[in-house]
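Labels A, B, C, D and E are assigned to the chains in the order they are written; within every chain, residues are numbered from 1.
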Amino acid sequence: MGLLTLLVVVPLLGGVALLLMGRGRDRLVHQAALGVSLVTFVLSLLVWAGFDPTSADYQFVERHAWLPDFGISYHVGIDGISLFLVVLTTFLTPIALLCSWESIESRVRAFGFFMLGLEAAMIGVFVSLDLFLFYVFWDAMLIPMYFLIGIWGYDRRVYAAIKFILYTMAGSVLMLLAIIWIAYYHQAVTGVPSFDLADLLAMNIARSVQTWLFLAFALAFAIKVPLFPFHTWLPDAHVQAPTAGSVILAGVLLKMGTYGLLRFAFPLFPDAAQTFAPYIALLAVVGIVYGALVAMVQPDLKKLVAYSSVSHLGFVVLGLCALTTNGVQGAVFQMLAHGISTGGLFLLVGMLSDRRHTRLIAEYGGLKAVMPKLVATFLLVTLASVALPGLNGFVGEFLILVGTYSGLFEYARVYTVIAASGVILSAVYMLWMFQRVNHGPLTNEKNRHLRDLSVREWFVIAPICAMAILMGVLPNIFLRPMEPAVRRTIQQVVGGAVVAGVQPAAVPEPAIVVREAN
Amino acid sequence: MESVFFWVFATVAVAASLLVIGQRNPMHSVMLLIVSFCALSGLYVLLEAPFIAVIQIIIYAGAIMVLFLFVVMLLNVPTEEAPTGYHARLLGGAGPRRFGAVLSVVLVLELAWALSTMRGTPLPGDAVAPTVREIGIRLFREHGFAFEATSVLILVAMVGAIILARREK
Amino acid sequence: MLYPIPLFPLIGFVVNAVVGRRLPKAVSGWIATAAMLAAFGWSAGAVWRLLGSEPVGGVRAIDEVVFTWIASGSLDIPLAFRLDPLSAVMILVVTGIGSLIHLYSTAYMHEETDGEYARYFSYLNLFAAFMLVLVLGANFAVMFIGWEGVGLCSYLLIGFWFTKRAAAEAGKKAFIVNRVGDFGFILGMIGLVALFGTLDFQAIAAGVAGMPVEATVGALTIITLLLFLGATGKSAQLPLYVWLPDAMEGPTPVSALIHAATMVTAGVYMIGRNAVLFSHAEITMQVVAVVGVLTALLAGTIGLVQNDIKRVLAYSTISQLGYMFLAMGVGAFGAGIFHLYTHAFFKALLFLGSGAVIHALHGQQDMRWMGGLRHKLPLTFWTFVVGTVAIAGIPPLAGFFSKDEILWKTFAGGHTVLWALAVVTAFLTATYMFRLLYLTFFGERRYAPGAARGAHGAEHLHDAPAPMAIALVVLAIGSVLAGLVGIPHVLGGHNQIDAFLAPSFQAPAVAGVVAPAVEAADEAIALERALMALSVIVAVAGIGVATLVWLRRPEIADRLAARWRGLHALLVGKYFVDEIYDAVLVQPIKRTSTALLWKGVDTGVIDGTVNGVGLVVRGWSAVLRRLQTGSVRAYAMSIFVGVVVTMGYYLWR
Amino acid sequence: MEPTLNSYLVLSAVLFSIGTAGVFLRRNLITILLSVEIMLNAVNLTFVAADRYLQSADGQIIAFFVITVAAAEAAVGLAIVIALFRHKETLSPDAFTSLKW
Amino acid sequence: MVTQADFAAVAPMLMVTLAACAMLVAEAIRRPGDRMPFQVLAFIGLGGAIWASWASWDLHRIGFGVIVADNFSLFLNIVLCGIGLLTVMLSTGTSDRDGLPSGEYHALLLFSLVGMMMIASTNDLLVVFVALEILSLGVYVMTGLRRTSEQSAEAAFKYFVLGAFSSAFFIYGVALAYTVAGSTRLDQIGLHVASAASAPDLILTMAMVLLLVGFAFKISAVPFHMWTPDAYQGAPTIVTGFMSTAVKAAAFAAFVRVFLTALEPLRVDWVPVLSAIAALTMILGTVVGVAQTNVKRMLAYSSIAHVGYLLVGMVAANSAGKAAILFYLVAYGVTNLGAFGVLAALSSQDRPHDEVRDFAGLGRDRPGLAALLTIFLLSLGGFPPTVGFVAKWHIFNAALQEHLVTGQSNLVWLAIIGVLTSVIAVFFYLRIVVMMYMSEEKAPAHRPALPVLAATGLAVALIAVFYLGILPGQLLAVAADSVASIF
């Protein structure tokens, strides 16, 4: 069993094992869940350590026949893009688990099970190289998240949970059809159906067909991202989800949409991608501004952060649509950065709401006087989120803007300018929020005796802060290994079309080299 | 000659059937249905199928209809009551019923249209009616399995009827 | 090695941030000050080495790449530092004045608790670190780290007394307004990347040098205008100056360091850093000059009527920064930087002096409640006088040389109108500064017991304690002497600073060919001297007016105010720019966001559509389930309809 | 006029339709069952007529099966009617609408 | 001549029939108060039938000229007997609580299974009709078996009346087919259809329509579905589970055999109608399901929707589509039976436990059953990694594959309708989950004991749901293999 398989299996089996633990040992269950997730994290670090950063190929590849008659195999592997998303997942999960030690008191075993199951599914999404396998993980992931929101969420959790699952499903089922379609298109072309990404990339699809398939894929991913105007599930889901759920939702789940665009939608349908990239970019730009403006006036902390995600993810999509090395690199980096900083914000909001059981900004004010440590970390995370250079948010945004400016489509420069206004707006809503929560006189008596960060909470938030700084100061740790993969992907999209104009068959195919994982 | 009989029997069958569904007393309906069955039996004779004609009288008119009569008398509800209640009117009212009748007419027309493709196909004049023996042999050779299956069917019906109709202990 | 320069204060920051709250004040203050002094020492050493180094291609410079920061595609951004004459001046100012202000702060902030004290110094150190990164950065990206970093520290320090709502608001406002500028800055950087593929100052300069000067709106113009937008934010110029007066909510040493001496000059520095780039965009240069002079004039007029001592100084700062931009705009980069350098001294001095006054009056900042302090606070008074005279432009103090250099270069460049406005501003400067001086230190005392907010009453005023005194005195000396490095040739000086800085304003390729100092023609010399005299006269006139109105005949002020009530209200209301911004930008955006976007588009249209789909499904569900009436005959009807319709389809198709 | 195959088939169709109409027209469970019997009989007529046309015995045999099935159906149907009647002393189908929507 | 091979071919049916008869005898000699080993008899009969079917794989026996023991039949035999076994297991406990007379109940169950196996294996429309009646009568009676309940009687009555009505249409269709083809044997009809295909024969078309109606009624396709919710709601819960799975499987088997062998040449004719029916069925089933508050009724609508998906497989009708139908039947069988099994395990004598609000707080009350029900519901909703997902995927696979080969655009539309309605369906499946886990309400606690046998049955269903969801390869291959035997 290869490392990647272990990454999926360990949390899953760990989660099942949690269910088998006895009743009434909540503390132990919490610890066990954390332990499992930490083991997974270590495993992911092993993957990182064994990753060859100079190669654009998929590594740690495992391939086993699954449903050979249908061209479906268990095919996993990672490249520079998915590597870090996997690590992000394994990094955030223990943190999310740890942050729930005190806030989750009921059905602890089930909570651990769903969290770990979610982790397994998310990792599965990022490592799948077979579209069927990908879709299985993609869809399976909805269930644990649904339960996390629905069981441990806040007052309108049921509405939010159902909205989340239906909204996302509505998008993804059409993608399922598109996946099947393309697999059998492969059959029409070559005689055998195939769901394998590499096989499908090697095939040329007629432009008219690409349009529909691309739209089906893009819709699924756009909802997941979420791209304006498909974003309205997000504020509800975020607000109602328990802290751990919000952290994972914002930190990892949303990235699956952008990852999907980059890994599947764009390379599989290069012509359509180039046709539609400007329009998607337009939505992204609208989302940046729109998300920021709406975030600005939210009275609820979690909602504010949720809308800020809409804005930030708009940057990511914009970078992807630019289809330039810088843009895509920036986008991938921004995915990671957003995972860290927004995850951190949700953790902090969660800590506040653990103490005060409210998320309304108006209920707070002047917290800095009572909880200086918490507010200090809050500040750091806020700044990371507003893309202060030296922290993680800046690198991604900057590269995205640079990349978009030289993007291939017509109004790329206009988009850049509008997107850059997000720089102003993010400062407006984040700092305004920060100020209303933490500065000013201590107006609410209930806040007077709030306790500062506990040791456990330090362990929750410190890694986030450390990562925010590390990614801001030494972004190359992340940028270097992803660059080959990013270049390859762009080549698949842009190169394909450029060549296709003259000579349809000459799409350079990425060699999938099976590297010995162990 | 045959045509006269055909028309007579046909008219009786249709008229009796119409009366079966045309009036409210179930007792009368059962009686009229027996009439209709007898007319059909006559038609079977015309069709050189005396075996089935006899069966029709003995089993259908004789046994099954008696069963009906028996139940009608057992339950002793001579006429149907007028519809009551909103939903009953909505569904049992004149409108829906007329619509049902109209649909039936449409069905006749449709079937007649379809069957008209066979218009003018004469029946072979010199047909020899299969003897009961022939029928028996075919029944047990070709349709032996169906025959056995019918036994299961009857068993099921029997068990079912008993269990549903018997009084709760 | 240059990286220790910012590293020292960074270490100071980390130490104070992490353990500061458990340290006694003396220790945390000492750590911070020591970190600054170390940085100063290291800077001095580095500058000494710079001076001793052989010019390469006409430029003395020390370049250092610490590590590669961002590498993506063809873009390669190292964390690189560059020490050349320009940054040398800047680091000396930053670390030097910074050290003094740290020292001053140890006394000034003494009333804070241990934790707050440490927090203050950690911020201050962090600021110094970022400021040093800003000035040492060898490319735009690194500069931008510092640029944003100092903005952050400014935010933190303005809002240091965060429980005061006004302070917190002011901090936020500063950050956000700066962000508006940064929007331009980032776009400018992106344009540069697109144009030159690099963000390195030297490489860009080399690239630009090969291009013709743009007379119309072209790429360079747009890029430089965007960068200038960044500068207007950071350096509080029109239209983004509004944050600086509010920034006075911060502790006074902060105002001195950040909002007078160092950070606010970053915009000027940035233009100086990219002199070659900016000189290739004529329109931008004009814009810079015009914006600079208009800002100077506008701020001067407002300064005339303000009553808060620090706000007057703030407007004065804005005004002086306008001068610097004027200099930049007319191509007098050396003059601009020279003014930056002298201004750092006297403005820091003025702020610290005002701080001493405030400190003595236990927080009173309103000049209407001061007066007559010259005897109570002699040291403060005298050093303050030095600063005031210096800023007013009276020779031979520092301000005179630098300001006059700017005025002359402006005039010499043919910008007569700008020059005239600048002169008016000079007049205003002298006026309001002396107004400040008179209101604070002269006249009868108005800080009657009870009016002063202090705990121990106004009678026990004490002058600045030692650390503050030291800082004041050193800065006062600086304000007197700093100008001496730039004595113009017409006065027999050598304007060393101009010559020293000149290579920094030239493209690397041509840097070797330093134009031989042009011997000015006689008539030019005469003209320059005449103008110099004029400016001195203007300054003196300004002082005279101030003396008349606010010292000799205070009622004139009231009468003027009554006579020109509208104008007065306009000035007191600061031209109502804040209000206009609020009404035109802030409120509409908030309202649009709430009513239109959030409640309208988001909840109404989009979510309405989504929920509408759900409702439609439910609605149909409710309707269709009614078909299931429970009546068996209806069910049979359904079957029958199915049969008839299907048959019909086949018959009629 | 000599009756053709078509005559029988159409007659059968008419009887079948009368049976269907009965299901809708009558408000009595027994009559509804009778209507179904009419339908089955109509079908039988088709079988026998077809048999005559095809000169085969199969149709008659099938008719025989149909009669058997009709008997079985009648038995179960009447049992159900009795069971229903026990619950609610009525034979109106419209009285039994507790299961709906 | 009747030979051994004839009996070998009908062996599975024979075994089950004998077991059922043995039950009747046992019931007859039972003294009041005794318990008879009906389950054991059922296991012997059904197990024997499974074994016999397994042993005849690939032998293609033909019995009495009308029973074709090809792999298709055998596959369905196994499936049906498997469903029967599961039903027997899950009935323990609940059948007593519902007051079902044990002997008759089990006998009827087995008899109707005989009818189902017959209908799936025969190639004679006459036998189809007789078998249809056997299974129908058995199921009608089982529906009305809760004799104290008026609802049960009403359900049986409605089911019966409509069933009789529609089987009259069916036999009329047989009659018309016999008239034109001269035989009721599918191969004869097929020959006639193939030869007459050039000239469209209206009578044949009408026959096709009438046969279609008969099958559509049994599988409850719109608009012939209206009995379904009422019958499902009124029937004893476990009978509903059995009806919804076994009857559907059997009827679909016959439907497939008739329409895809004998009437295959008329495909162009029936595809449009079947497409429309499929679309209507999917849409109506899901849409109306949304508003239901009774779980059994909701699952009835869900089963209607599932029929729609199965019909998409029919419309696709390539080899993948046919195999997909078989796989789907198995998937739906284990899942739905599991769900009804849980429902049945919860019902008590006085409370049917079938309203949505009865499930409030079940996640705490009965965590195990709640979890099982959740898994079955998710499988019905088509979430991976359950079998429900694979089944749906396979159907859409077939549809799109066929579209790519033939260019039939209706298949794409059906697939799109299919996936969208499956999203809507998720909404109502999740309502139950919401009640169980996320509701503040709390239904009164009730914990009827869960007998070992029923628990085992649920466990089997659970394992099947996951095993077939993760490793469906074997079953898919077997399904494809069995389909290959009839086409």
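Just so we're on the same page, a contact is a pair of C-beta atoms (placed from the backbone, for glycine too) under 8 Å apart; a residue touches a chain by one contact, two chains touch by 3 or more.
Please read these numbers as outputs of a predicted model, since none were measured by experiment.
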| item | value |
| --- | --- |
| Chains contacting each of chain C and chain E, listed by label | A, B, D |
| Intersection of the contact lists for chain A and chain B | C, E |
| Maximum inter-chain contact count - chain pair | B-D |
| Centroid-based (C-alpha) most distant chain relative to chain E | C |
| Relative to chain B, chain with the most remote C-alpha centre | C |
| Centre-most chain, if every chain is reduced to its averaged C-alpha atoms | A |
| Where chain B and chain E are represented by their mean Cα positions, the distance between them in whole Å | 30 |
| Chain A-chain E separation of Cα centroids, rounded to whole Å | 42 |
| Distance from the mean Cα position of chain D to that of chain C, given in whole angstrom | 97 |
| Averaged-CA centre spacing for the pair chain D and chain A, given as whole angstrom | 65 |
| Junction residues of chain A - those touching two or more other chains | 166 |
| For chain B, residues that touch 2 or more chains besides their own | 87-88, 91-92, 96, 99-100, 103-104, 107, 110-111, 113-115, 118, 142-143, 146, 150, 153, 156-157, 160, 164 |
| Chain C, residues touching no fewer than two other chains | 614, 625, 628-634, 636-637, 640-641, 643, 647, 651 |
| Full enumeration of touching chain pairs | A-C, A-E, B-C, B-D, B-E, C-D, C-E, D-E |
| Chain B partner contacts - residues on chain C that touch it in the complex | 629-631, 633-634, 637, 640-641, 643-644, 647-648, 651 |
| Chain E residues within the chain D interface of the complex | 126, 129-130, 133, 137, 140-141, 144, 147, 150-151, 153-158, 160-161, 164-165, 168, 171-172, 174-176, 178-179, 182-184, 229-230, 233-234, 291 |
| List of chain C residues in touch with chain A within their complex | 17, 21, 67-75, 115, 119, 141, 144-145, 147-149, 152, 155, 159, 162-165, 167-169, 171-172, 175-176, 179-180, 182-183, 186-187, 189-191, 193-194, 589-590, 592-594, 597-598, 601-602, 606-607, 610, 614 |
| Residue ranges of chain B in contact with chain E within the complex | 110-111, 113-115, 117-118, 142-146, 149-150, 152-153, 155-157, 159-160, 163-164, 168 |
| Residue ranges of chain E touching chain A (in the complex, touch as defined) | 363, 378, 383-385, 389, 393, 396-397, 400-401, 404-405, 412, 415-416, 419-420, 422-423, 426-427, 430, 433-434, 437-439, 472-473, 476-477, 480 |
